[in-house]
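Each of the next two complexes has chain A plus one other chain: chain B in the first, chain C in the second.
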Partner chain A sequence: MRIRTILRTNAGVWLTLPLTLLAVAYIANFTRSADPYPVAVTAAGLAALGFVVPICAALGAWEGGRLRRGGTWDLPTVRSRYVIAGWALGPVVAAGCVSVVAAVLTSTLASGVAVPDWRPVLVAFLVVLAHSAAGFALGILVPTALAVSGSLLASFVWMVFLRGLDPMWLRYLNGGAIELCCDISTDLAPSAVSGPLVVAIGLLAAAGLTLATTRAGLQRRALALAPLLVALVIGSMLVSELSAYPAVPRDERQLLCSDRDQIRVCVWPEHEPRLAEVAGLAAKAWAGWRAAGVSAPTHFTEGQDGVPPDVLRFSFAMRSSPSVIVSGFAYAMLPPWPACADFGPYLGFEAFEYVHAWYAAHGGLPEDDLRSMYQASSGPDRPPVIELVDQVLAQPLDVQRRWLAANVAALESCEMEPQLSLSAPNS
Partner chain B sequence: MLKFEDVSFAYRARTDVLRSFSWNVPAGRTVLLGPNGAGKTTLLSLGSNALNPVSGRVCLGELDPARRRDRAAYRAAVGWMPQVIKPLPGLTCREQVAYAGWLKGASRADAWNHALDALSKVALADHADRSVSQLSGGQLRRVGLAQTLVHNAQVLLLDEPTAGLDPAQRGKLRETLALMPSDTTLVVSTHQVDDLGDLFDRVVVVDRGRMVFDGDVTSFMDLAPDGSIRRAEAAYSQLISGES
Partner chain C sequence: MTLWAATRRVLVTIGVSAVVVVLVVLLGAITASIPALASARGLALPLALIAPLALSTMVGYSLTTGDPAVESTAVRPIAALDTASVVLAALAVSAALGMLDAAGYAEYGAEAGRNAIGFVGLLLIGRAAVGPNAGTAVPVIIVVLLAFFGADAAGEPRWWAWALVDSAERSSWVVSLVLVAVGGSLELTRPVAQRVFHLVRRLRWPPGR
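Then we have the complex of A and B:
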């Protein structure tokens, strides 16, 4: 068909601009990644798939319906059905892909990332293509009104409602849940890419077989669904190991490290502009804790390698203030959450804020920031954090260390009462 | 030459429409007569390769559309105007005809250029930029005819081109058919015997999937009893009992 005719008559062409603007507005309105981490900010752009894909499916159904009404499939054509479908579907797929790219670029550029990660984009493109083709196939089989509404609804349910179903890994079959990837210390799980890709290819194959069997009997037409069923089984096997987030630990070899004043600080490449500053804060915190007589690791890292207390794992965002970073160091000094707390009462939990405030104060957190952080923090049965920590800080260091040791012990166990005064354990 | 060799065909859950049907379609203009349900549409659909025979074969010279490698060439060589013309929503007349040419394998540019020629042949050039959906039934049929002309087919199979047209529209369509190139094999199906006129070289009559007459127009007319006033109808009645 003549290109100008396609541009004039194809629904995909007409809706490219509105769909793109909608996708941009949607992404600009609610996603803001704190870090310029390409895979995370690219994945965030995929939030638009929830409506871009169903609309493409409906547009595909509309175009399929047009060809059906025009009797194209009844004609003995020289051009193959796939070529004919390709030209009818091309603008629809292009509309979806342009919208996805616009949404992704909105997300990445807002975070200062110029080049998106290709993996989420690949999944999004294939999902758009598969749903558009499936809509098209439905459009050539059933009346247009039914095909358009059915495609829109089925695609929307698949893209949006799947996320609310159990088991949790079901959400990864549609490709949309890639938007949940990733914090800076994780990378996109390969199976979160391969799973939806396999399902999308299966859907595409089913749509293709449907095109080839429009005049076949019901049994042969039903067989066209076989690739989709096989793909769902394979895709399920691929994603069934994924948990709430489609992420795996990031390759630690990417960490960039600074060695200064006997302190080694490692951050992810996206944080490199602040490495020197963070290294200074880390050295200051370490020196403060040493001066207070507390042992602290000399290796601060954003990675997952190493086991506390040999390393201090911390994280921050590019926009984090120095106080937030020091506060993060202080959190990292706290003992890990005890396993017993998952199954019963955790009496030591109340010591959490007091111990953190103490570490933060000795780690170099300015007093004003400490006060604003814990200004309103108190409870009916416990003293205000600032009040108690001020009292503790006014004591000799050996008293402070005894108070700290008692509360750290309470944090590490579930039965021990925390010491929320300087004299005796809190009752 | 278009050939039907021992062709049988049945739609699903129906008895045979055609059974061991053979026919060498001659060059020139042939009218295909028969009552409703005789198998005319099926025959032309098989000839166009819109349908495939259950057994037997349809071929054009050496081209056998059952063979994958011949199919495209066969389809490009045969133009088919179905009984119902379904325009693609949103297209103009020229776009519709160009689309048909593109479907038949012509390049976009060729299809676009030839579309105007084809519309000229059916006297619709001045409607080229009009939406197909605004056309009358007769104009739509002429667009359908233009669609078969746009790709310069060797064989044209027209299924009931005058059905549903008023006498004036039928007259115009017959004028158009009369202007067809003489080297084109033209088969026109109709159940209206008065369409014969002096337009056709041969007459073929089918009934219940069988060919009951194949001859020139004079031989056909000779079947009419002496003294018949409407000779074509009378001849036809001799072949198809109970029809007129």
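Then we have the complex of A and C:
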């Protein structure tokens, strides 16, 4: 077919611009990622897949329906039927891919990332292709009025409703849930890429076999669905280990480190512009805690490597204020959440804010920021955080350390009462 | 009448209506979280709200099954039968779901019932606007766009997203009823509209083009 004819008649060509504008408008209004992390901001652009893919499926069905209504598909042809389908589907797939690229670029450029991560984009392209081909096959098989609406509805349900089903890993079969990836300390899980890729290839193969068996009997046509079923089984096996987010820990070798005043601070490459500032804050916090007689690790890291208390794990965003970063250091000094708290009462939890405020105050958090952070924090059976922490900070350091040790011990166990006064444990 | 019922797949339509009701009762509470504009929380979209799209798709298809050339010479009021049958199907599904909701068997029955009426109205308007084949997709396209663009910053449906709001919102029922009234009128006057359309085409210059 002549290119000019395709441009004049194909629904995909006509709808490329509106679909692209919709995708851009949708993604442009999303809350920006605070960090220029390519995989995360690229994945965020895939949120538009939920409507781009169904519309491509419907456009594919429309193009298939045109060949069916015109009787062209049933005529003897010189060219392969796949070539004919390719000419009809090309603009539709192109419309979907252009929309995906526009959505992804909207997301990445707004976060300062020039080159998107290729993995989410590859999945999106293949999902667009597979759904368009499936829609086309449906358009060849059933009347257009059913095919267009049916493929749009089925594709929409598949892309959107898997996220509401249990088990949770079902959401990864359609490729759309990649948009949930990732925070800066994680990377896209390989199975979150391979799973939807396998399913999309299975759908594509099923659509191809359906086109090859349009004149065959019902049994052979039903067999055309076999690749999809096999792909669903393999895809399910691939993604069944994934939890709520399609992420794995990021390669620690990417961390960039600074050694200053005996303190080693490691951050992810996206945070490099603030490494010197963070290293200064870390040195100041470490010195404050040492001056208070508290032991603190000399290794501050955004990675997961190492075991506290040998390392202090923290995280921040590019737009985090220095106070937020210091507050993060203080949180990292708190003992880990005890396993017993998941199954029963956790009496020590009350001490959480008081101990954090004490670490933050000694770690260099400005007094005004500490007060604004805990201004409204109090409870019916406990004193206001600021009031008690002010009293503690006014005491000699050995008294402060005893108070701290009592509350840290309460935080580490579930049965121990916290000491929410300077004199004796709360009852 | 029998031939009309067979041509229009009335029995299949009744079957699809029953399936929609069962779907809303059994699986209607399954909820998708759709990423909403400028919102940390996604829009919660229960399956029940879109289940009536199966009905609008089926009746949309059933209205394309006749032979327009033959039906243009029919002595029976085909347009009236068509309009009455699809509107009746929507009202019947809506009534059944409303009763099941009131009885506590369908969590989103009233909303689904309202949407059944509105979707059929959109279908009929879509048929008049973009033709019988593309018209069937109009309610689905509207729902997809409402789902992705109809939520506010808190992830709640905006006032104009009539198919997503709670059934207690009277305005959403008004929209549904207006849609079906307008769509029904367009479908009912289809033969007249077609004649006017052909007349206008014949009057276009150059004549006989």
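Operating definition for what follows: the second predicted complex is superposed on the first by the 426 of 427 C-alpha atoms of A that agree within 3 Å, B and C clash if a C-alpha of one lies under 4 Å from a C-alpha of the other, contacts with A are read in each partner's own complex, and residues count from 1 in each chain.
The definition used in the following text is that a contact is a pair of C-beta atoms (placed from the backbone, for glycine too) under 8 Å apart; a residue touches a chain by one contact, two chains touch by 3 or more.
Note that the structure is a prediction, hence the values are computed from the model and not measured.
Asks: Judging by the criteria at the top, classify the pair chain B and chain C on chain A as clash or fit.
Replies: fit
Asks: Taking the superposition on A as described, I'd like to know which of chain B and chain C A:26 touches: first, second, both or neither.
Replies: In the superposed model, A:26 contacts chain C only, not chain B.
Asks: Looking at the overlay, what does A:229 touch: chain B (first), chain C (second), both, or neither?
Replies: Neither partner.
Asks: Classify the contacts of A:146 with the two partner chains as first (chain B alone), second (chain C alone), both, or neither.
Replies: Touch partner of A:146: chain C, not chain B.
Asks: Applying the document's definition of touching, compare chain B and chain C: which contacts more of chain A?
Replies: The partner with more contacted residues on chain A is C.
Asks: Is A:51 in contact with chain B, with chain C, with both, or with neither (first, second, both, neither)?
Replies: Only chain C; A:51 stays clear of chain B.
Asks: Does chain B (first) or chain C (second) touch A:179, or do both, or does neither?
Replies: second
Asks: After the superposition on A, what does A:276 contact: first (chain B), second (chain C), both or neither?
Replies: So A:276 meets neither chain B nor chain C here.
Asks: Scan A:160 for contacts with chain B and chain C and give back first, second, both or neither.
Replies: Once the two structures are laid over each other on A, A:160 reaches chain C alone.
Asks: Rounded to the nearest Å, state the minimum C-alpha distance from chain B to chain C in the superposed three-chain model.
Replies: Result, nearest C-alpha distance in the overlay: 8 Å.
Asks: Quick check on the output: what are the common chain A residues between the chain B footprint and the chain C footprint?
Replies: Common interface on chain A, chain B vs chain C: 69.
Asks: Looking at the complex, which residues from chain C come into contact with chain A?
Replies: Within the complex, chain C contacts chain A at residues 30-35, 37-38, 40, 45, 47, 50, 53-54, 56-57, 60-61, 63-65, 132-137, 139-141, 143-145, 147-149.
Asks: Over in the complex, which chain A residues touch chain B? Could you list them?
Replies: Within the complex, chain A touches chain B at residues 1-3, 5, 8-9, 66-67, 69-72, 74-79, 84, 217.
Asks: Inside the complex, what are the residues of chain A that reach chain C?
Replies: Residue positions touching the partner: 22, 26, 29-31, 47, 50-51, 54-55, 58, 62, 65, 69, 143-146, 148-150, 152-153, 156-157, 160-161, 163-165, 179.
Asks: For chain B, which residues count as touching chain A in their complex?
Replies: Of all residues in chain B, those touching chain A are 12, 48-50, 72, 75-76, 78, 80, 82, 84, 86-91, 95, 98-100, 102-105, 108, 111-112.
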